[in-house]
Amino acid sequence: MEAKKIFDILSGKFGGSIQQLQESTFPPSVVVGSDAIVEVCDFLKKAEGLDFLSLVCLSGVDLKEQGRMTVVYHLGSMKHGHMIAIKVELDRSSPHVRTVEKVWPVANWYEREAYDMFGIVFDGHSDLRRILMPEDWEGHPMRKDYVYPKRYHTWDV
Amino acid sequence: MAVADEKFMQVSMGPQHPSTHGVLRLLVRTDGEVLSSVKPYIGYLHRGLEKIAERVTYPQFTPFTDRLDYLASMNCNLAYAMTVERLLGIEIPRRAQVIRVIMAELNRISSHLIAFGSLSSDMGAFTPFLFGIREREAINDLFEMVCGARLTFNYIRIGGVSQDLPEGFTDRTKEFLDYFPAKIREYNDLLSYNSIFIKRLADIAVIRPEDAFDYGITGPNLRASGIRWDLRRAEPYLVYNELDFDVPVGRGEMGTTGDAWDRYMMRIYEMEQSAKIVGQCLGMLAPGDHTAKVPRVLKPPVGEAYVRAENPRGELGFYLISDGSTKPYRLKIRTPSFANLSIVPKLGKGVMIADLIAIIGSLDIILPEIDR
Amino acid sequence: MIGLIGHVTSSLAHAGPLVRLLVTVVIMLVSAMVVLAVALLYEGAATYAERKVAGDIQARIGPNRVGPYGLLQFVADGVKLLIKEDIIPFYADRWLFIGAPYIVFTASFAAFVPLSYSEHVSVADLNVGVLYVVAISSVVSMAILMGAWGSNNKWSLFGGMRAVAQIISYEIPIVLSLLAAVILPASLDMKDIIVYQSGGLGIFRWLVFNNPFTFLSFFVYFIAAIAEVNRTPFDIPEAESEIVAGYHTEYTGMRFAFFFMAEYGDMFVVSAIATTLFLGGWQVPIIGGLSMPVWLREVLEVAVFFAKVFLLIYVMMWIRWTLPRLRVDQLMDLCWKYLTPIAFFNLVGASVWVLLLHGRGVYDLVAGLLIH
Amino acid sequence: MAGYFKRMFSSIKSIMAGMRVTIGYGVNPKTEVTQQYPEVRREPFDRFRGKLFVDINICTGCTACARICPVDAIVLKTVRDENKKLRPVVFDIDNAKCIYCGLCVEACPVDNCLYFEKKYEFSSYSREGLVSHFGLGEPKSAEKGPEDDRKEAVK
């Protein structure tokens, strides 16, 4: 299905929460307000004709220059073969967004990774721990303003 | 970390364990031989490839993609090259496309041979592992002939491939394709249809299609659940739409659709299909350029793209954001094994220790790709 | 041996009882040393053979660096194990941990005693030989559990529990199928049993050919015996891909070597029992009926005995390098649902056969028909 | 009951199939595929990426290789000599860091200057031993030219 059409369906359903359609990206992305993300995702997964059954990828993006952080959800439908990206823009100083773990269980790990790397807090997540970095690591390494530590425990890094 | 209560024994399987396929740690709670919960701990191989990507130029990152899924470096190179090419808008010469398909499929065979072998050695049969290595060696020779390396190829580059095929490559590949089907029959006799092996794998850890979608399972593991989804068919890239090959799906031949045996068998079937594809591609090789004209300094325009390709272990995607400079602004790597492993806590409930090994082996995870 | 002691002591009748005791002890010690030397030499040779057989089967060469054809590899291995650091885990139960390897080795070595290597060569001709071997070899399970528990390691504990469950379960089909064989000669003395199998060109009166039930019994025994000595496909107590190394995870150096040698010793013993009870022991086929000097006959008999035993050991190795491993519950399934009922059936069948045909075997019947 | 025996026989049959394969290898010594390494050395293919070698006499000191190296394995320092040409005084390749990707070889603008040897046996007892030094050393009588300390300009 065309991205424009998906955008229209979403706008009709969620109104103001659906903020913008970016057609220049590949796949086209829809910017969604952070409060409505779970409902939008749930709708996208279950709605007839959309069937975004799989969360292909979930990425955190640190847009330091713009003072924002973005969570990008790449959704795919194996039934219809279409893809779309959903973007949620968050405040960089305290990034909070609700978890979509209930919609796609795989989001559990993806969100843990985004938390680990960017410090994005996923509210309602069942097990929000670091996943790749050691549990006592300080800072979130993928942030653009991350300062490399000189030492970790007894090692020079 | 949960405190083990009296009824259960808590065992840390890994990070150094003979069959965790790398440095995976599974915290296992067992009641005798039966597991009550499995908790994977990953990250022991975390090298921060995504962070590295932000400080090297686009061409410089290609060697790092070799180190994602080191058993299928060609496929990783390919997916990365396709991502950057999409942002740059480069058209690839036809010869380069055909060469890329040959490499990707040969690498798929060699990767599946390891999957086959390591699962068999997990199941206690060591001989098939060495047989798998033996055939893989022949493919490694082919790769060494083409690009000089046997594991980390760095061959498929942005814009094409680094060098044209050498003299004698076609003959040597044909020779390999001639004897390979006989070897697959041997594997089937030795392992696939062995009743002990079937007993160990059939009806174990069934992934139903809904679960497969929910947990983002891709690749042979998804197809084993009966879903005909292969990016080579669904979103044909390169010359895949001109090729004649089947996408095998699990049919529950020995038990339930989507069980461990189906997942294992997908790899055997896919090796046959890949061999078929390579054979066709050798016939399609026409003289031409092996690489497109690429500027010395790559500066993709501002934009973002998520491009995915079918890797031996599933869907490898690169989400690339370019800010117009010579280095990626953000490169997120979506690796198949990461999602495939995330289903293990669900599958590992109520099975036996030996089954857990079968689950890990049949999912065919690879740790550098999970930890990146 | 006992015969020899009796012979010597009676010729020393005029000497005092102390001298007789001394002589007896010396003879016993010397014979024990001889058997120990033979056993150790065999165990070294068997480890070499195992690796060579594995090499052959896996399309490689195997050990070939130490000595001609790598023949001295086992010496090198032994030296390596001897000079290795002996580690006792801090939290181990010291006495159990230290004691287990000796008991394992002693039990396995003691089982060599009643074997009849030729008509006149045996250490002790026990009239309960078969029973003795069955009894002494189940001491192994106790020792394994000692070591496993004493190691205070979870993997060891898994291995120990598995080993005990497996060895005790498989004793039943073993004993039942041995019974089916010994009711024909109506003796538990190894030598008597072998003598019973003489005639028929030294082949056709073997108990395995005596009747269909003993024929089946042989296979039941052989399968169960592989399980008894913990070898693939029944090597779950030390399944390296599941529980690291099972009960000997924590053992190093010579202590480990004792476990290792005991396994090979057990292999010899079970093969020797199979040879004795089913394959005619040291009966020389075809030329056995000719008259020849005693020494030549003895040499031939020993050679034939060892040839049969090594053939069976080769089959065990061949099986090991072919098959995957069973799961714990499947192993028990095989024992209780297949082997034990079949063994019972054999026992009943063989008893009925003996009653109806007065112990005459198939060969006797056929020969009887031909003569009439 | 019929299923019981059927299962038993199909198991035995499948096991026999496997045993036939292995005994085929077991009795036929010609199936060995391994090579006896120190005695038999396999000749690598022409494109083999072994140890890096620099023909330092034709090196122009352009630092293209050092700039493209993704792991900073090449340390290259140049000075202007009396003919105003760049002289590579230090050209160290750390073979422990090198990932043998071949980007430097492709970046090198001079033919046959930087290339892979077919050599793959260069283990060493120390890390320092793994560094190959190709640099020409300081020129004897030369005014110090502007040092091109690699990387800084790039990264």
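In this document, chain identifiers A, B, C and D correspond to the written order of the chains, with residue numbering beginning at 1 in each.
By our rule, a residue touches a chain if its C-beta (ideal position, glycine included) is under 8 Å from a C-beta of that chain, and two chains touch if they have at least 3 such contacts.
Because the structure is predicted, anything quoted here is derived from the model rather than measured.
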Q. Which chain has its C-alpha centroid at the greatest distance from the C-alpha centroid of chain A?
A. C
**Q.** Centroid distance [mean C-alpha coordinates] between chain C and chain B, Å
**A.** 46
Q.
With centres defined as the mean C-alpha position, give me the chain B-chain D separation in Å.
A. 24
Q. What whole-number Å value describes the gap between the mean CA coordinates of chain C and chain D?
A. 52
Q | For chain C, residues contacting two or more additional chains | A | 57-60, 321-323
Q. Which parts of chain A, given as residue numbers and ranges, touch two or more other chains?
A. none
Q. In chain D, which residues are in touch with two or more of the other chains?
A. 15, 18, 21-22, 33
Q) What are all the chain pairs that meet the touch criterion? A) A-B, B-C, B-D, C-D
Q) Taking the complex as given, what residues does chain D use to touch chain C? A) 8, 15, 18-19, 21-23, 25-27, 29, 31-34, 36
Q) Quick one: in the complex, what on chain C touches chain B? A) 54, 57-60, 154-155, 158, 161, 232-233, 235-236, 239-244, 321-330
(Q) So in the complex, the part of chain B that touches chain C is made up of which residues? (A) 9, 11, 17-19, 32-33, 120-127, 130-131, 134, 190-191, 194, 196-197, 199-200, 352-355, 357
Q) Where on chain C is chain D touching in the complex? A) 53, 55-61, 64, 318-319, 321-323, 338
Q) Touching chain D in the complex: which residues of chain B? A) 55-56, 59-64, 66, 127, 134, 137, 141, 144-149, 152, 154, 162-163, 166, 186, 189-191, 193-196, 198
